[in-house]
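For reference, chains read A, B, C and D in written order, and residue numbers begin at 1 within each chain.
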Amino acid sequence: MGGPAALLALCGYTLGAMLTVSGAVAGLPTTTVALLPVAITINIVMGKIVYFSGLPLQLDSIGTVLVGVLAGPAAGAATGALASIVVGMTITPGALPYAVTAALIGFVAGTLARAGWFRRVPTALLAGGVIGVFAGVVSAPITAFVFGNAGGTVGQSAVIATFQAYGNSMLKAASLQGLVADPLDKALTVALALTLLAGLPSGYVHRFPFVQQHRVLAVHRLVPRRT
Amino acid sequence: MVLRIDSLIHRYPNGTTALAGVSLAVRAGERVAVMGPNGAGKSTLARHLIGIARPTSGTVEVDGRDAARLGIAGLARSVGFVFQNPDDQLHATTVAKEVGFGPRNLGFPADRRTALTTWALRVTGLTAEADSHPRHLSFGERKRVALASVLAMDTPVIVLDEPTTGQDHRSITLLEELIGDLHKKGKTIIAITHDTDFCAENFDRIVVLADGRVRWDGPVERWLEGAQDPSVSAFEQPQMTRLGRRLGWPAPVVTVDGFLDRLTDHAETTG
Amino acid sequence: MIEFRDFSLTYPTGSRPALREIDLVVPRGQICAVVGAEGAGKTTLAGVISGVVPHMTGGNPRGSARVGGRLLAETPPSELVGEVGLVMQNPFNQLSGARFSLREELAFGLENLGVDRAEMIRRVEAVMADLGLTALAGLSPYEVSGGQQQLLAIGSALVMRPAVMVLDEPTSQLDSVGAGLVFDALETLRARGVTVVLFEQRLERPARYADRVLVLDEGRIVADGPPADVLTDPRLAEWGVAPLRYTTAARRAAERGLWEADRPLPVTLEAAADGFAAALKSARTAGGL
Amino acid sequence: MGVSPRSADDSPVHRLNPLTKLVFAVTVTVSAFALTMTWWPLLLFCAAVLPMVIASGTLRKFFPMLLALWVPIALTVYVIQGFFYPETSRVVAEIGPLELKYEGLVFATQTALRIMVLMGGFFLLLLTTRPGALMSAMTQRGMSPKTVYVVSAALQIAPALAGRAQGILHAQQARGLPVKGLRGRVRALVPMAGPLILGALTDVGDRAVAMETRGFGTSRRPTFLTEVPDTAAQRVARTVMGLCALTAVVANVFGVLR
């Protein structure tokens, strides 16, 4: 029971994540490659801080979103997928099956950044919401079939249990939980990522051609500090 | 005594002994430089001064109170510590807010906060940068922001960890003037440094650590007399000391002024 | 080896050029020290010579800059590998992060270049011996001290055997023993015909080892010549560079007549000692008469 | 957080090529999920994972690590699926308004055991392998050096950053930052996380330069300082394990078709 779905979710997703990574990373310039491990570390550190604070949030993809904004969808996707692998190697192997969700978060963030959603705060927050919808929907099969709907935190699990209690199927319950929690979580993630970007030295973003080419960020970040 | 360390021993959990019985007393208003080769125990000693570390045995007292018991937060009013790497503390969006962070934490009234912030920015040459983002400044400027943010807390003791590394002539000159000013205001200044010229020219007393023990404690000139002592020869000595020694002068000189006085004496003593 | 012609560079975020009208030729086998205040353009110049600026930072260059005959504007740093070695100020940031021991970290560049394994081992061991790192070979690059990381960063560049070495304050965290090892290594490089460009705040070792000193001020070269000339220039402090105490002492002694008027001001311990010994001798002779 | 906690001691399992252990972990995981018998993952765990763990001599580290992560997940699955499993017929017990369902318990058992195999397989790899060796092995098997770089650098930067976080905490506390209580901790978040993350991000510029000038990312075929030991037997074992995993998947897919 549940076997085929679980195996397909596991294998398909893992394979997808591996392909994403191998395709995306090879073409990245060195500056972006050097950014990725730091972004992954930021994910881990923030994830831990939030986890121990007991807040019903994740905020474990700030680094992934940052890379998506600074270096584009491919780099964002690679960050997400590799972050899952690193977390899988250091904290819990349970993160491995979620590699594709994490990759998608970076990919969507990068795509929306290219479309200019990060130039203004309201659209950036909206972008966070959209990222959250994608994340929620795509992680549902993993949560449902691989982990039997045990969520990452007690809060998540309780919400899923509630949805199941109201007669929803396992997949539907997991999806609904994702759609409730993820958009808010990712909007907050984007807000924090933007705050960090404001604190970077003025020449910093110039190391990332993606930002220049697509005018990803507001103009005031790109003018001289002193005149 | 603003600071009294008595037979301080610090042993790390892995068994290495960082401090093997250090005793030291510092009077209010003294300027003390702590020197020592890497691994001599300087940074461990500094950790005790600000209450981060707990003595394995012995005591550290600041203003007569036990430092380990007060802890880092309890010592914040007494000891200002300027960390070596300014980037470990810069978080505010403007230099002025960064400098005002400490006084606000200490609960100073608004007018005192403003006065201290203005003063700290002025003496570190940062008045024009008050509204800049600290992270957009150069390394030397960031280092001065970190210094200003500790000065603004108006603590009686100020500890500087390697204040001259990565600093250019202008910043060092500013720092030297500042040390003089703070000394006149009666502050106790302790610097951890390996720059012997800087020590010789700005500090009254030098404490040399080696292998977790105090190898020398006293005026710089007297320390340099023992040129053969390994605790001395491990350092690059002040330029004027080496020059005096080359000229065959028996007693060490440490500053340019001291050298010129001695030179004049020698010239007048007809040979 | 290094050839700049009327070279200027403005960063995208800068309102003023970081480098202005630089004309500079550094031949093979020369140690050229560059001094100047913070913000004078030292780090930018180091970046340009190693191909990092503007390729990795952005920026708008004018004029021409060549290394080994190749136009830097058209040569990304990846094509200068093995040609130019760069050692930056902060050693921690230069650790690749991808290697788990000092020995592996030193080999990182050679692995990337596909150097034969036997040759790689030979070079890594030799550099470790030169810089006194052999005993630390198996340790993680993250558990050694800042000074040892600095030696590691220098070693990582040396092991590539570049024709040009660019070093930005390579001894800031080293004690006199470590700094001595580094400067000895630089002398060996010079003997092998390597061009060394050294950016420094502390002048005593450059005064002794460098063949030539450049002073940068607000992006321009304001002085260029042998250490004994440049470092005794009375405008040095105005350019934001602290004169050596030997020079200051001699200049002030001259005001008291205790430094011979026709003797150049000293920049090394030996020159100062000779000068003052001579001055004392003549003062005594004069007094004795 | 530390780089994967590994046992200092040595054993035949430690000496295996890291890829062999990786393929082992993947194979047992795929097999656990491929077959639909409820107790199959437990059999797999006892017959395959456990003997390896015992041979490696890491049993004392393995079980606390595994249990700490596995027990909470298993409990959650039992609670959620035991009580709220959809499409059920048999009720085992009633606890207040809640019904404990047979199908839910069976599903929970199967899921929990599968997760145990997944975690067990990978913990075995991590406990007996130096991260550096795993990374070298991956590169030498033709994985992109950039991908390997990102993973190994993340493994090292995370602990380095944790050390730096300590320094930042002290620097801010020395400036009177209160960090006690929930309010203090929330207020301390920006002065703590700001310097940490911004510092790490700004370091990237330098690191990229250092890597580029050391030939990283060139298209040349890299050579390797460290040689990763491998044997013909292990190569055969990897192939066999791969075939097993493949067979399991095929069997599973045919199960779907039927």
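As a working rule, contacts are C-beta pairs under 8 Å (C-beta built on N, C-alpha and C of every residue); 3 or more make two chains touch, one makes a residue touch a chain.
The model shown is predicted, which means the values in this text are computed figures rather than measured ones.
Under the contact definition, chain A and chain B share the contacting chains C, D. Across the assembly, the chain pair joined by the most C-beta contact pairs is A-D. Centre-to-centre separation of chain A and chain D, using mean CA positions: 19 Å.
Computed from the mean C-alpha positions, the centre of chain B lies at a distance of 28 Å from the centre of chain C. Centre-to-centre separation between chain C and chain D, using Cα means, comes to 45 Å. Residues of chain D found to touch two or more other chains are 131, 149, 153, 157, 194, 198, 202-203, 205, 207-208, 211-212, 216-217.
The residues of chain A that reach two or more other chains are 30-31, 37, 199-202, 207, 225, listed in rising order. Residue positions 135 of chain B are each in touch with at least two other chains. Residues 164, 167-168, 170-179, 190-192, 194-195, 198-199, 202 of chain D touch chain B in their complex.
Across the complex, chain B meets chain C through its residues 37-39, 138-141, 165-173, 194, 197, 234-236, 238-240, 242-243, 246-247, 256, 259-260, 263-264, 266-268, 270-271.
Across the interface of their complex, chain C is touched by residues 30-31, 37, 202-203, 206-207, 212, 222-227 of chain A. Against chain A, in their complex, chain D makes its touches with residues 1-4, 29-30, 33-36, 69, 73-74, 76-77, 79-81, 83-86, 103, 106-108, 110-112, 114-115, 118-119, 121-123, 126, 131, 143-144, 146-147, 149-151, 153-155, 157-158, 161-162, 165, 185-186, 189, 193-194, 196-198, 200-205, 207-208, 211-212, 216-217, 249, 252-253, 255-256.
Those residues of chain C that touch chain B in the complex are listed here as 37-39, 89, 145, 147, 169, 172-173, 175-176, 179, 201, 204, 237, 240-242, 244-246, 248-249, 252-253, 256, 258, 269-270, 272-273, 276-277, 279-280, 283-284, 287-288.
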